[in-house]
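Labels run A, B and C following the written order; every chain starts at residue 1.
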Amino acid sequence: MDDSKEHFAEVKDLKVTYYPEDGVPVRALDGANLKIRAGEIVGILGESGCGKSTLASAWLRLLPPHASCEAGTIVFRGRNLLTLSEQELRPLRGKEISLISQDPALSLNPLIMAGSQIGEVLRAHSLLNARQRRGQVMELLREVGFNHPEEIYSAYPHQLSGGQRQRIAIAQAVACRPALVIADEPTSKLDSTLQAEIVSVLLQIRKRHATAILVISHDPSLFTGFADRVAVMYAGRIIEVGSSPEIFGRPLHPYTQALVQIAAYSVLTKLQTGLRFPAIEGESPDPTCIPAGCRFEPRCSDRMEICSQSYPPQFMPDPSRPVNCFKYGE
Amino acid sequence: MSYIGRRLARAILLLVGVSALCFLFTEIAPGSFFDELRLNPQISPETISALRSHYGLDQPLLVRYAHWMKSALHADLGYSIAYNVPVAPLLWSRAKNTLLLTTTALVLTWMISVPLGVWTANRRGGLLDRMVSLTGSLLISIPEIVIAVALLAIAVRWRVLRVGGMMSADFESFSAWAKLQDLLLHLALPAFILVLSETAIIVRHVRASVLEVLGAPYVQAARGFGVSQTRLLFRHVLPVAANPAISLLGFSLAGLLSGSLMVEVICGWPGLGPLILEATLSRDLYLVIGGIMFSALFMVGGNLLADVMLLALDPRISREGTDAL
Amino acid sequence: MYADSPNDTPTESLLCVQALRKQYVRGGIWRKRVPVAAVNGVDFEIPRGRTFALVGESGSGKSTVARCVTRLERPDSGRILIRGINIAQLRSRDLLPFRSGIQIVFQDAITSMNPRFSALEIIEEPLLIQSQRGQVEYDRRNRRDRVGALMVEVGISPDWMHRSILHFSGGQRQRLALARALALRPQLLVLDEALSGLDLSTQAQVANLLLDLQAAHSLTYLLISHDLGLVARLADEIGVMSGGQTVEIGPTQQIVTSPNHAATKKLLAAARTATSAFAAATGEQA
């Protein structure tokens, strides 16, 4: 990894808390750190509740009103996004940073034609007239893999399949050629047969336009052959970062190791039914009461006494391989 | 059969059913027009039965119904015993007045409710939102009759509006402009009462509907792509939020003839309401039935119109069937 | 009710589906009514105590099969034999004795339920319905005890039985759905994408739970999924569906190592793409 390349986006020590009307405050992000370089594909690996979706929404401040960004910064091209007003954020949304939301079944307006919805993004950020917009949209539809863009343009979302809707959402996201695209669980709600298709569309986009992509998923197999670097998230914090082959070939954190083991279990060559899945015991910590020590400690098979007492600082057992685990230092 | 075709067929069946029920109920209800006359010793029973057969009231129910049906299809709704004129023209002349009142109220109500509903949903929790909510609650909980009488009292004191009836006594002698003024001044009070009560309800529904759509994932996604709040509201939110509102509009249209009875009676507006009331009290049979059928026609027609509008506006209902299995 | 019969041999098939067909009708508003065959000739058999997986892409008809087998829908034609008795065209009343023996768990089952219900209320519902029908006697304490036992079995503390389901995570909710499905002691459990949409680690936990429950209660499973990789670890036999038909059926090992039909190969390719890139990264042989 070329370290001299500038990080054009950086999340530093981000803390986000949700204050639900009737309930205990939930600390969704508890000091997340992440760096992204231009044109890089960075993956965030974590289970539900670890804060990954909060991280995705926090960039463009698309969090619900009861959420509060309490500390930390998100620096993008030199500006701290958290200090910008709604007014100042709007020109960024869709134009410099785009968010592809989780569920393609829900993220498209049921009463507007698919093509027009892509056109809306263009309308928000450019001065093209209707005909020019339409032309651009056709181009975009072709780019995301539709062979008959005219048919798709005038289709309504309920007439499209899940995979098609997701590609429309991708087209919306890249319409104005943003520098960073955030894809929140892009394939989780789709058939496994569509995963390769979506990955290939995103790779094409990075190749053509040098767009940086932040991909979020709970499934490690999504990142292989796709992400340049992967950051592993657990209970609101990033606990390990490494390049894709490093993370899967030599995972350092016990949590990463366990996840990789589960994912590897589906390698279909060594088939023996009736064996148990290599599951991780227990549940992720209750976000309303976070323990003092390492959050993974209750479920960790390698736990030591110090693990429950204080939170492991960042160690660097190898260059560019930060990991928060006491196994790698004192 | 097409969507509209089926709705239309259903509407017709409904009207037929209502007419049958009308006949049945008026037959079952105690009393007849001639009860008062019967009490009068000077009028002989023969006169009364002669009158009855003159109006065809001595024939069996089914025969009367069949006759009425046949004539109704030719727009002849029978004869009013009290007024001694054909029912249909009488109804229509009064219905016109009612329509004037309710249409004005309808337009004003929706012109106020929709922007107000959208605004308060957009700025939820703001000062205007809370004020509107409070006022709305008050208006809904106070019975309409109380509001009507209170406003009537104020109007009489205030002396700016003209109260009572639709026109002043010397209406005919006015110039065209003065006639219009007079009409409007008489219209103001009853219309205002109607608008007040209906707006309170409709604003809530519009607000709730808009709020729901504002929170939808696809609106948030559009917001995430940088679409401006105004564009979001009008292009992305309103069309979806309009769906339930159009059903409501259908109800409003449906109630054009039937919703203003009480206001008309209190303000003395010469509309359909007081006429039907009177007819019912005096058992003026065909006037009652005709009046109810008129209202039913509007009710059914209003709902049909709402269905057609929904069909035109929501691509999910009409054009295609569902996609994946 | 449908109790264990001492005469059953262990390999007798519990469920046998023959020539199943079901169609839905599209359109009918402006457009002409077009029949769409969701299921157009499906045959398979599940021996008692075994796991059969029906895999296919969205739209292949597998969920419709699940709904027909559990008689949530009535098939147009074909036979569904439960222990030799054809339930395909039985009327609701005649189906009652079979209902408790076959249960279904959906994807994200609990989220489609009323969030005002507590875990207890959700799990005891089948018991309540059975009591009302007079088929079993269950008073409140019995029910509570039974629900507690079920919760323990699926790995959730019974102390939480009064919590609203909103307080449970996705994986926990699926476990509660399983607990509910087990309340009536079924023989056959249909799992319609019951593991889809769960995190990887949660999926593994729930999959292990399924294995444990099967061993404990001699359950027979019909798994419906689009994920061949997941299902290959759980199923003894796999049936591949495409276009409403079962296009290939065979033991798991055979399907995975030597697929014949194009649909099977496509599903396998999807699973393999994930795993081969993975294996490359982890240095294992793909």
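Rule of thumb we're sticking to: a contact is a pair of C-beta atoms (placed from the backbone, for glycine too) under 8 Å apart; a residue touches a chain by one contact, two chains touch by 3 or more.
This is a predicted model, so every value here is computed, not measured.
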item	value
Of A-B and A-C, pair with higher C-beta contact tally	A-C
From chain C, the most remote chain by mean C-alpha position	B
Separation of mean Cα positions, chain C and chain B [Å, integer]	53
Approximate Å spacing (C-alpha centroids) for the pair chain A, chain C	31
Euclidean distance of C-alpha centroids - chain A vs chain B, Å	55
For chain A, residues that touch 2 or more chains besides their own	161
Chain C residues counted as touching two or more neighbouring chains	58-59
Multi-partner residues of chain B (each touching 2 or more other chains)	320, 322, 324
Chain C-touching residues of chain A, taken from the complex the two chains share	47-49, 161-162, 188-189, 191-193, 195-196, 218-222, 224-225, 244-245, 248-249, 258-260, 262-269, 271, 273-280, 283-284
Chain A residues touching chain B - in the complex, by the definition given at the top	60, 62, 90-95, 98-99, 101, 103, 106-112, 117, 120-121, 123-125, 156, 158-161, 169, 172-173, 175
Residue ranges of chain B in contact with chain A within the complex	216-228, 231, 235-236, 239-240, 313-316, 320, 322-324
Interface residues, chain C side, partner chain A - complex	57-59, 169-172, 197, 199-205, 207-208, 211, 226-230, 232-236, 252-253, 256, 266-275, 277-286
